[in-house]
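Labels run A, B, C and D following the written order; every chain starts at residue 1.
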Amino acid sequence: MSEPLLNVEGVYRSFGGVFAVRGVDLTVAPGELRGVIGPNGAGKSTLFNLIGGQLTADRGTITFAGDRLDRLPAHRRAHLGIAIVFQGARIFRGMTALENVMVGAHATTRTGFLRGTLRLPPHRREEREIRQRAREALGRVGLADWADRAAEALPLGQQRALQVARALCGRPRLLLLDEPAAGLRAAEREALAQLIEELKAGGLTMIKIEHDVAFVTRLADRVTVLDLGRVIAEGTPAEIRADPAVVAAYLGTAA
Amino acid sequence: MRSRVVRWAPGVVVAAGTLALPPLLESGHLSVYILLGLAAMVTIGLSLLMGYAGQVSLGQASFYAIGGYTAGLLSVHSFPPVLGLLAAPVAAALFALLVGVPLLRLRGHHLAFATLATQLILLSLVGQADWAGGAIGLQGIPRLSVGGYEFAEDISYAYLTWAAVALTLVVAHNVVASRSGRGLRALATSETAAAASGVPVGGYRLAVFALSAAFAGLAGGIYAFYLGYIAPGSFPVLLSIEYVVMAVVGGLGTLWGALVGATAIVLLIQVLNTVGTQPGMPSYAPSVLSYAVYGLLLVVVVLFLPHGIVPAMQRRMTQTLTVGKR
Amino acid sequence: MSELVQYLITGVGGGCAFALVGSGLVAIYRVTRVVNFAQGGFAVIAALTASTLLASGLPHGLAEGLAVAVGALTGLLVGLVAIGKPGTPPGAALIVTLGLGVFAYAVEVLVWGDQPRSFPGVPGAVEVFGARFQAHYLLIIGATLAVFAGMGLLFTRTDVGRALSACASNPYAAKVVGISVTRMGLVSFAIGGALGGLAGVLVTPIQLVTFDYDVTLIVGGLVRPALTLAGGLLLGVAQALVAGYGNAAYQMEVALVLMLAVMIWQAARKPIAQEEPA
Amino acid sequence: MIEVEDLTVRYGAAVALDGVSLTVGAGEMVALIGPNGAGKSTLVNTLSGILRPVSGRVTIGGRLAQVPEGRQMFPDLTVDDNLRLGGWRIRNRDTGPIYEVLPDLVKLRRRRAGLLSGGQQQMVAVGRALMSRPDVLAVDELSLGLAPLVVADLVRHLRELNSERGLAVLLIEQNARIALDLCTRAYVLEAGRIATSGPSAELAASPEVAAAYLGVAA
């Protein structure tokens, strides 16, 4: 097996004394699409925020392509190549769809306040390049025709796609997706699944949190199952489906 | 091509009007024109801060004061006045960086409270500082001179002020349109998503705070040279609120809004002053009138024109245009 | 020793006023999420009303009571303008209250002129541990304690109080059970007005009514009830001590820096990501 | 009891419900199932009047009470106070009958609701809804985040309320098994539209429903 791209080791995080994530290990190889599933309150979103930098771990280490991540602020992690598609619609209101996506290029561009204010030639060049990349990213998620619309005026499905475009515009090495299919119509879900498959074919490493079991098992190479803040199983989708502990914890009913 | 002309036309008209106006104004009106320009500079900065970066400041007049005192003190101590003028925005920005590090941990109304408190502390300290003239103020500030040219007449201050307004407008416009500006506008609605896109949220908040302070500081510097006298009483808390009124009335998130808002309020104050100083009015009439009108204006605009005058007009215009096309 | 006791008591007396105004602000904030920048105006209007009523011959007690009622009514009016229009977000309502606070100042000057006013409080002086101070301080402290106890009972023992707590902690659930969140918001504005009014009426006999209520407003940065009481008292005592032992001129700076420090300390303890709506 | 005709609800530009029609008869138990974000909670909030529809009609023949998603306690108030506020609408302050129906709450009555377990909170939420003496109960995500045994207990209570008092129930569930088990009829909501509907037994046997909502266990 090749050197892992992301390595999470023994990570803990508590809120007000209650551990949401306790001792989670997770290793993701380059090019892999990893699914993370678990019932509500299993710690999926907390784990996701620990990798993305929205939360810091109480204990444990996270390394990404050889760099220690766990003490870095979120924007530095973005500069290292981690991009995030949040649950819901965290878009930038008051900006057009294109401008939203252009923000995504922030991590890989560098014009500062001064050069931007003086409008020096390197800045103009970079602006052209960012615009170009943003248009490409919009095209890739099928939003090319929406570029000049206000982002908040897009329907939910398009807002989710917009977030994906914003993430892609930063040319990430690792893409985190938090329940990307939630709330989408069947057709939108299908389009999203196809996009993810294309990205995977292009070699992008992804971690995808899901509630919808069918959706995740269809796409993922490997699946990690969380319950009550711990990893209770890990394996290929087929192995996970056959694991009785998973079925019990995840479906957990028999009422 | 035509759309380009349409986009630039209002700016050109305004600029031409601005240049043509000073020689036509009598001296009383000229001083209003200068004060209007100064207010516009502060409001442009505040609009950048509130409208684009989503940070509320109720202490913008403190940066105006820092600029004024920096310019005043330097030139009173026989430094070349032009150095004072250049130092004014720098000192204001440095002060903003200094207080911004702790204060910008706060958000929303907490930040509003904290900037208000900062201004009160500053005014009170200046009022007790003998080296700055104490409560009586700093007197005998020389007129501004650059090279051999002395800004002796009001009309030269009018041109200086409006050149500075143009400068702040251009800087603000370029910042908003740049990569950093996009980062600022992004963090105004979601700091989390902005940070995840690589925007250093804390640093940017601090930078825009300092930039808005620099605009106010530059205005304060010109003010000190123009009046030749400044005191803590020249920068009351109400002045800070006035800037917020100007920014909100004109419309947050548009630079033209800041200009329109400042113009509307300054002209309104003049009308109220004229009414308030009519014979038979009590001595406090002008201030009561202006307080009452500010208050009502703020309430009415927020409740019924929540985006301010300029965006409301723009919407009205696009509506008429699209209806016309049908 | 006697000096220290004197400063402590006068400080607590002043601090009670801060605490009352501040807790009015907190009551409004918790129920409506609106920071009421017109809060200081309630104290001033009530105090001025009391001075007029006393001057026109009304007995003590009745005059002050009516003045507090006027404070409550003012609070209700401010609330109607600030949150009465459906769909007004808290941030916009904040700016509305700022406007109303400025407007209130104009009304005050128009009705009462711009000269400071005062009226007598409880006459006489008291001696404790060799420290002499005006007996009125005891009234302030006693009344504040009674009001805080009463508020505690109101919020835990009455249905309206429970409904107010409900709106504060979970407005969605309050709507689910059929509580009108707007109406409860107006009730909280009236309570805020009454508390502010009480502070104004209590404090005026020991210090002139001035329009400088900015410091008091800062207490509102402390939006937790217990912190407001503690913060108000601390502020009062710190001011009295600085004025007594140090330089009276720096009273206000001390108060403001203290408030800022507490606000920043509070902010540093909570992560931002959790506050943003998705 | 509940009659919904061609209901459309929007949040800004986003359409949450798109032409939804459904009925719940008196004394009937009906399930509304569907994945996260399908619009289930939007429907309940429209029924209880918290949200306003863009178009369509909602008729409720009697009093509707809502057990909201996520329990929605008043965390600082005691269990008893939480229950009392449930009767706010009809000025009913007598919590006694609730303790008879849900005896498990008796020993918790003085505890602060925020400190209870999820299952206990769900019990309080049901009791709070009953305080308004409803004819129909809309229960939003009964099982969410609860252990199977706790869910079974809650389900038993709902059955009793239905059979002994004739209370109609509209059960909104992500967990299709529980819902189809408890209710006689069901609607499947997907992305704001009713995808299918019918008797529970039929839906439970349908392979599409099984695949989409029972996931791996299909």
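The rule we apply is simple: a residue touches a chain if its C-beta (ideal position, glycine included) is under 8 Å from a C-beta of that chain, and two chains touch if they have at least 3 such contacts.
Keep in mind that what you see is a predicted model, and the values were worked out from it rather than measured.
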Contact-richer chain pair [A-B vs C-D]: A-B
Label of the chain whose CA centroid is most distant from the centroid of chain B: D
Distance from the mean Cα position of chain B to that of chain A, given in whole angstrom: 41
Chain centre separation in whole Å, for chain D relative to chain C (CA means): 43
Interchain centroid distance [CA atoms averaged], chain A/chain C, Å: 47
Inter-chain centre distance, chain B versus chain D - centres from mean C-alpha coordinates, in Å: 54
Sites on chain C at which at least two other chains make contact: 273, 276
Touching two or more other chains - residue numbers and ranges from chain A: 54, 86, 90
In the complex with chain B, residue positions of chain C that touch it: 35, 81, 85, 88, 91-92, 94-96, 98-107, 109-110, 113-114, 214-215, 217-218, 220-221, 249-250, 252-253, 256-257, 259-260, 263-264, 267-268, 272-273, 275-276
Sites on chain B touched by chain A in the complex: 171, 174-175, 177-183, 185-186, 188-190, 192-201, 207, 211, 253
Parts of chain D lying in touch with chain C, wherever the complex brings them together: 48, 50, 66, 68, 72-77, 81, 84-86, 88-89, 93, 128, 132
Chain A residues touching chain B - in the complex, by the definition given at the top: 52-54, 73-75, 78-79, 83-84, 86, 90-95, 99-100, 102-109, 111-113, 116-119, 123, 126-127, 130, 163, 166, 170
In the complex, chain C residues that touch chain D: 159, 162-163, 165-166, 169-170, 172-179
